[in-house]
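Order of writing sets the labels: A, B, C, D, E and F. Residues in every chain begin at 1.
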Amino acid sequence: MPTVTPWTDAQVEADLRVKVVFDDIRATRGSEFVNNFWRGLANQPAVLERTWAALKEVMSARPSGLDPLTKELIYIAVSIANNCAYCIHSHTAAARAKGLTTEQYSDLLAVVGMASQTNALVTGLQLPIDPEFLV
Amino acid sequence: MPTVTPWTDAQVEADLRVKVVFDDIRATRGSEFVNNFWRGLANQPAVLERTWAALKEVMSARPSGLDPLTKELIYIAVSIANNCAYCIHSHTAAARAKGLTTEQYSDLLAVVGMASQTNALVTGLQLPIDPEFLV
Amino acid sequence: MPTVTPWTDAQVEADLRVKVVFDDIRATRGSEFVNNFWRGLANQPAVLERTWAALKEVMSARPSGLDPLTKELIYIAVSIANNCAYCIHSHTAAARAKGLTTEQYSDLLAVVGMASQTNALVTGLQLPIDPEFLV
Amino acid sequence: MPTVTPWTDAQVEADLRVKVVFDDIRATRGSEFVNNFWRGLANQPAVLERTWAALKEVMSARPSGLDPLTKELIYIAVSIANNCAYCIHSHTAAARAKGLTTEQYSDLLAVVGMASQTNALVTGLQLPIDPEFLV
Amino acid sequence: MPTVTPWTDAQVEADLRVKVVFDDIRATRGSEFVNNFWRGLANQPAVLERTWAALKEVMSARPSGLDPLTKELIYIAVSIANNCAYCIHSHTAAARAKGLTTEQYSDLLAVVGMASQTNALVTGLQLPIDPEFLV
Amino acid sequence: MPTVTPWTDAQVEADLRVKVVFDDIRATRGSEFVNNFWRGLANQPAVLERTWAALKEVMSARPSGLDPLTKELIYIAVSIANNCAYCIHSHTAAARAKGLTTEQYSDLLAVVGMASQTNALVTGLQLPIDPEFLV
């Protein structure tokens, strides 16, 4: 149950500022579907505009940068660590749409699980950083 | 300052159970350097054995799985979200050793930052998961 | 689904120790409604008493301290970062009852999102604290 | 010890893209001092630009929005919950520069501590959200 | 709603690798019931095998180690701090099956709540570690 | 480097409200040593009083409640999950003073590590809670 009411398409159509963002989401993704994240943020137009602009730029492919699937895997990893159920679902779906295989998903879970475990062990032991790791 | 005393090479040499693990770490990595994580865990031999065996398996390349650099990026992402300074340093160093470029590192940070932001926004708004995302 | 059964009013009435706390909650808030947090804690009377006494003191207005709405905003911010859905809902409702406007809520979300992002960037980069910031 | 080398003023002067951001930071804040966060991000110019533009917009005063000190308190609350030592120091310093009193700081800590405690209790008990709290 | 489909008993029976693990879970626990965690992991057989082997070893009683109920309490404490609803439920149920009393559960919640509060206070104040605490 | 200046004994002696708390800490613990946590909180007398009163009550032995060492283990587990270095050090030292053995510490780390891993796996898979676990 959200703390705000996600906007319907009719509400979006009636608000030019929000409509411009939704139109760009649809054009960029090549799909009519706009998910609840953006419909919820529509209640905060300034946050909506800034978040979409940043997300679009960050997730778009850049020469010599990370490929789109790798970015989704990183997004899922952070969302698991932050325990954001919505984000885990939306980005796991996005990763699958970008070709995530069962083998790769298994590796993702294994690494996230392993990192969570060793993070806890290191934190429990309060180990000093080896000088070899420093820049 | 650790909560246990990391083992020196002399201590490792004198304990067969720990020595077997350290020998395998050195052989697997092709390097004499063994970092403080393992020297701290040496105080808990059962945890040391299990953690090394699991990490070795998880991080090794499997056919059709994720490539080693991508695994390091996921490891860094989780370590940032869990705020493990030691792990951030050790895995950023490992990623660089595996070829991480400045462009890729910039993308990693951008995605981790973006995910952290949208995780918080979604959590604040308590948005319902779109049926389109479900399996 | 809770791990304990929240107490009904009939159960509360039959237990003097719990009834004293519930009576004070109702008197302090000027409302008959007592939410599930307290009904769950009723199973642990010592925790119930201590938590209510502390919360009542912390959230009450003190001369030259923070105003009640600001306290609710801080409560929501922590609850988002800790991902407590119940707490986000209860304190967002409390903030609205204390006059939170749409503009202010938009600012709250923007700051929480921004802080989450820069927290992650700083952690990823492991930046040293500038001497200028120290007491 | 950072994972990147924070830029010196000389490096900033020699890179137009970064210099534009630093000039705007100095002009906006009315101070020559630029802290390590921005010097670290200078290694990732795209992240630097986007982060500064967003932070500047989010933290600037808007009519009928939250006042600057309240925004700093929310920033500190999130940074504590996310355990970002750098961010806690920089935003506590910023809050003091904006007039934070000892009484207000005491209230901030009390609310953050109380929220952390009740977040944990609610999570442990897995309490259902009262219908009264829903929009 | 899971991101994978938990396996039915029929699916388990048809996959020898997974069946071996499920048989061992049933034999070790002396119960036919296998919970959704393992049915979900069945989609990732390597993760399933490694996780069950490790969990079995970690949670089994060792001479002079912690008793099984204490281990469950620690498991619950971590799961609350990490906000894993599933894990809170499964390990609270396990603790009750191992004899957790209402008094002990009340103490567990009280300590977890207190630790969460003082963790936040210490982090907010960024207090230096007393030399007396160091090894 | 703290955000406040921890109080010296001379400052404590000169402030009756703080001195009463410090005297009780010393009497309760049977030791002259008062650690930095309380010296930092002395800047916020109301928080100091409330926190000490609650901690004293929560950590003291109650008939049929958890024993003091188990409470320290739970405190450490939460502090690791919340990444509070100070708290990890102070409560690991306290646990050792209460008799924590190397074997028990090894078990503690193993359970915390395991819980962190399975928390992450469950969260990644978003598994539904088995009806068998519910009250």
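The rule is short, and it goes like this: a residue touches a chain if its C-beta (ideal position, glycine included) is under 8 Å from a C-beta of that chain, and two chains touch if they have at least 3 such contacts.
In this text the structure is predicted, and so the values were computed from the model without any measurement.
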Field: Chains contacting each of subunit B and subunit C, listed by label
entry: A, D, E, F
- request: Could you name all chains that are in contact with subunit A and with subunit C at the same time?
  value: B, D, E, F
Message: Please identify the chain with the largest separation between its CA centroid and the CA centroid of subunit F.
response: A
Statement: Greatest centre-to-centre gap (Cα means) from subunit B is with chain C
Message: For subunit A versus subunit D, what separation do you get between their C-alpha means, in angstrom?
response: 21
- request: With chain centres taken as the means of their Cα atoms, state the distance from subunit C to subunit E in Å.
  value: 27
- line: Where subunit E touches two or more other chains simultaneously, the residues are 1-4, 46-47, 50-51, 54, 58, 78, 80-85, 88-89, 92, 106, 108-110, 112-121, 123-126, 129, 134
Message: Chain contact topology under the given definition, line, ring, star, complete or other?
response: complete
Query: Can you name the residues of subunit D that touch subunit A in the complex?
result: 1-5, 46, 50, 54, 57-58, 129, 134-135
Subunit D to subunit F touching residues, read off their complex: 83, 88-89, 92, 102, 105-106, 109-110, 113, 120
Query: Okay, in this complex, where on subunit A does subunit C touch?
result: 1, 3, 43-44, 46-47, 50-51, 78, 82-84
Field: Parts of subunit B lying in touch with subunit C, wherever the complex brings them together
entry: 76, 80-81, 83, 85, 88-89, 108-109, 112-121, 123-126
Field: Sites on subunit F touched by subunit E in the complex
entry: 1-4, 6, 33, 35-37, 40-41, 47, 51, 54-55, 58-59, 62, 64-66, 70-71, 73-75, 77-82, 84-87, 89-93, 101, 103-104, 106-108, 110-112, 114-130, 132-134
